[in-house]
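Read through the structures below before going on.
In the two complexes that follow, chain A is the common piece, with chain B as its partner first and chain C second.
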Partner chain A sequence: MTGGLLALVGRIWLVAILIFLYAPILVMALMSFNASPFYQLPFEFTWRWYQDLSGNAQIATAAIRSVLIAWVTTLIATALGTAASIALFRYDFRGKRVLQILLFPPIAIPWLITGTAMLTFFFAIGIGRGTPAVIIGHVALALPYVIVTVTARLASFDITLEEAARAMGANTWTVLTRVTLPWISPGIVAGALFAFAVSFDQFVVSYFLSEPGDTTLPVLIYTAIRKGFTPEINAVSTIIITISMAIMFIAARYSKIGGNN
Partner chain B sequence: MAGTLNMTDRRRLAMLLTPAYLWLLIAVFLPLAAMLFFSFLTKMPQDGPDWAITLDNYSAFLTNPTYGTLLIKSLQLGMIVSVICVIIGYPCALVLAKSIKGRAREALFLMVILPFWSNSLVRIFSWAIVLRGNGVLELTLNAVLPFDLNLNLMFTTHAVVIGLVHSYLPYVILTSYLALQAIDDDLIDAARSMGASKLTILRRLLLPLSLPGLLAGVVLVFVPVVGSFMEPRILGGRMGTYYGTLIEDQFVAVYNWPLGAALSFILLAVVLVILAVASPVLKGART
Partner chain C sequence: MSQVEVSHVTKRFGTMTALDDVTINFTDGGFFALLGPSGSGKTTLLRTIAGFYFPESGTIRIGDIAVQKVPVEKRDIGMMFQNYALFPNMSVADNVGFGLRVRKVSRNEEARRVAEALELVQLGAFAARRPQQLSGGQRQRVALARAIVTKPKVLLLDEPLSALDKTLRVDMQIELKRIQREIGITTIFVTHDQEEALTLADQIGILKAGRIVQVGAPRDVYDHPVDAFTAGFLGDANWVPDSAMSGLTLPREPDGFRFATRPEMLTISQDRPAPGTNSLPGKLKQRIFAGTMATCIVDVNGESWKLTARDRDIPQIAANDDVWISWVPRDTMAVPR
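Then we have the complex of A and B:
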């Protein structure tokens, strides 16, 4: 039964990797409920660090700013990305390949390079640092994800449905709102969730583009970590990772990542 | 087909595409072009009118051996992390794609890639909590082992590598899994019925057919690791000086933006060469 043994080893390997991936996150979350400010054991349960958070105005402001930026980014990136996806899907034209390839640099170039490039350029044209600059950057990073997700959904769209609707007298607007958009709406929802997550979790670009003292949550955490670890950082980190995992879980269900095709 | 669109279609096409691509132009492509320009300046134009064109920022890279050493150190880090990700991740993808079936596979796959989509900064911080001296890992090991152990992993290169592997491992699993899943099971059955051993099937069939996916994963790990700065800063401490932290310093601590721009552009050139070399393989991976 070497086959059975091999399958067993494979499953153990998989479980070990899952432990490697989740254990540190669980440890971090557990420590946010531990009473000792120096992470000392034995474990003693407390809500204290979460209560401290609610009284911390700096963290609250940064959290609100992060969510606000993520919302605006999601709205803009989803609208622009969906429009571009429909155009790329429906029309054949010269330069289409180039436009598709142009989606890769924002994803493939390290954020360190994109972020510093944005910083220098935004200063040169007078936008400078701050929330508008962060939003401009986040939308650019989220756009390719929206376009890829919506295009993937469009690939399963039967274009003859549009032709049939038109043959029955529907105008372009009706075809778009009653036939095409309803069909691709799961792709749009998944794309929007990706966009929200890209913005909400984004650290590097926000770090270079946000005004010191006027930052997003991840940038605030980075600054705090460099001063020293506190269970308060654990608490806010636990909240962030719970939110972003929940969003991605829903997005994955919508876009059917991990499905059998 | 190309050029056959009528006027209305062309107008619609422009209306749909312009906003998205104009945004990318302003937020990504113009900044990259601008940074190339700034990398040839003596000082940033906003800092005064007496700026001039110079090659100094690039010659600094050649004359100051620290910069080149750090770039090589970062490239080595990228290679180490990529190799570990392949060794750990490929077998995992193999098990997921060929040994586990149905809903369990779907759920497990989702569990593997879910952390990847969560906040990378928070995940690096979680390793700091685990690895720190007198931290959870050390306490656990000392409770289990009969002798006392002083790991002291925090603020070492090992800590940086562990954190980065944790960050990017799901990439390799994702791309390898997609490539392996596309291989027809009938092919494997045929090979088996002709007497091929499991090792032969892996070596002669699965590995060659999934190689494009595996290499795509390697590129997706290597490129961001070479440009990483947050991970070495948090987990590496004083050992955590890399090419990425050098660039970060120019922008947030030293405020020598033209030098930072030049260093960024050298990194971009290295990245583009890697992507260009890998692009035939990457194209194969998407089909």
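Then we have the complex of A and C:
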């Protein structure tokens, strides 16, 4: 009886949390399909705001920019992160523990502070603002996510598989491409998806490091909101959220498959 | 096929000396067991021969080539691991063919040799399966097929049977011996199971604390251990108390030697045995029945002696009764002190 009651309370609690998390997003998504530009009810369905979007060159440019930056970030962060994970897994060296611990704070440090620090640093060393700075910044933010997911997958990797391959005459490259990488590929895919999401959704660092005019989608949304809400922004945001959530779902699936495939 | 010569090899890990001036020869086509307790260096020796470790000093020759500085992938060896180490992302056939693909053997040639190797281990029908779909014994055989398909110079086995249960292990021992004979490959395998070593090998090398203690044929090593450690490690040894030596017929002068017998050499009786055999009085402490065989624990001069025989050959004697233990004098082992 008490067990049933507890389960009921638990279920209500879960529903409350989900409402808390998703209600604002849901309202926004609904309003992107509402005909009234002033969010007036009754709800009247329309595609109008999405059609307006396709005609909006500014948003299209920003979207393409965002996707391109996210792609480049994903490629670099995934390659670097995977290599780093394998190195951390395979070799013992002085300061390895410290290095592993130092990988995590960037996830916890407020982006505002990371962004300020990067801006100061990039100006000090002469990179300044611009697309390279944005990409470097995004890679730095995405790297820990890649390392965490790939390292988690590597934890279940049996190192004797590499030894067996070497005993059969495989050189380092063959061992890596034929044995190690196939095993950790679900972790790499999950890490890449996280990296893409981190970059694509990134506002603060992009805002700080972009040259004026070279806006990414989140930055554009922010600027637009300052001028006043429009249903068009709701439409863009709904698209971004759908993409991001889809990516996260796939990433979560891959990292779960990780252990027992 | 080649012989393997290890001479004066020393391998250290930090301050720990894992192999201490090890010299041992593995003759062409022989089946060798490296036997020793854990930490004795037997696995280190195998992995040094394989090329996973480079020795600090000494030479290793496989065939005519000095390989002590050659990395494992260039040594042309076949190796089988304790946990099989089959690639989970490849089929059985692809696992077995891996070494051939690395060697850029043609597709047809690969298929032919993989089929041949799988046939040899009686797994011809399992080529398309994944390792995860096989039983422990079958994985074992895939690992063996994979290790020999490239026709390596030497086959190295790292406790290959320890993960199997007892009945399966005995089947695999017979299988392993058959295959080794059939292809005649020089084989070195590491085990801590003395029975397995005695069953399989034609030569046994016993290691202790990074040193080779004794090398020889199983029967020689079993019957003529060079020290108390080897005597006790290969089987149970009953040590003749120094005080009891006077009445016995011993194989040599006792200075510098101790004497012992194996449990299966002993006879137990209540009557004093006829002269001409070695006999000692004692007290029966315990009789342990184990199917066909039985073990008796007998107190001889304060030492605990062990006797094994077919259960039906042991007379019915009550515990704590006085008994005589006897054995044929030539079954006495003389072990240097």
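As a working rule, the second predicted complex is superposed on the first by the 256 of 261 C-alpha atoms of A that agree within 3 Å, B and C clash if a C-alpha of one lies under 4 Å from a C-alpha of the other, contacts with A are read in each partner's own complex, and residues count from 1 in each chain.
Convention: a contact is a pair of C-beta atoms (placed from the backbone, for glycine too) under 8 Å apart; a residue touches a chain by one contact, two chains touch by 3 or more.
None of these values were measured; they are calculated from a predicted model.
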**Request:** Label the relationship between chain B and chain C on chain A in the superposed model as either fit or clash.
**Result:** fit
**Item:** Contact breadth on chain A, by residue count: chain C or chain B
**Value:** B
**Asked** Of the partners chain B and chain C, which touch A:Pro110 in the superposed model: first, second, both, neither?
**Response** first
**Message:** Between chain B and chain C, whom does A:Thr160 touch in the aligned arrangement: first, second, both, or neither?
**Reply:** second
**Asked** Once both structures are overlaid, what angle do chain B and chain C make about chain A, taking C-alpha centres and a multiple of 10 degrees?
**Response** 100
**Request:** Could you say whether A:Val179 touches chain B, chain C, both of them, or neither, answering first, second, both or neither?
**Result:** second
**Message:** If we overlay the two complexes on their shared chain A, which of chain B and chain C does A:Leu75 touch? Say first, second, both or neither.
**Reply:** neither
**Request:** Would you sort A:Leu53 into first (chain B), second (chain C), both or neither based on which partner it touches?
**Result:** neither
**Message:** Output check: A:Ala170 vs chain B and chain C. Expected answer is one of first, second, both, neither. What do you get?
**Reply:** second
**Request:** Would you sort A:Met31 into first (chain B), second (chain C), both or neither based on which partner it touches?
**Result:** first
**Item:** Superposition-derived minimum Cα distance between chain C and chain B (Å)
**Value:** 7
**Prompt:** Where on chain A do chain B and chain C both make contact?
**Reply:** none
**Message:** Quick check on the complex: what are the chain B residues that touch chain A?
**Reply:** 1-3, 5, 9, 12-13, 15-17, 19-21, 23-24, 26-32, 34-35, 38, 44-46, 88-89, 91-92, 94-96, 99-100, 105-115, 117-123, 125-130, 132, 135-136, 139, 166, 169-170, 173, 198, 223-224, 226-230, 233-234, 244, 247-248, 251-252, 257, 260-261, 264, 267-268, 271, 275
**Fill in**
In the complex, chain A touches chain B at residues 2-3, 6-7, 10-11, 13-14, 17-18, 20-25, 27-28, 31, 39, 41, 76, 79-81, 83-84, 86-88, 91-94, 99, 102-103, 105-106, 108-114, 116-124, 136-137, 139-140, 143, 147, 172, 197, 200-201, 203-204, 207-208, 218, 221-222, 225-226, 229, 233-234, 237, 240-241, 244-245, 248-249, 251-252, 257-260
**Request:** Spell out the residues on chain A that touch chain C in their complex, using ranges where they run on.
**Result:** 158, 160-161, 163-171, 174, 178-179, 182-183
**Asked** In their complex, what parts of chain C are in touch with chain A?
**Response** 50, 52, 71-74, 76-79, 81, 83, 85-89, 98-99, 102-103, 146-147, 150, 156
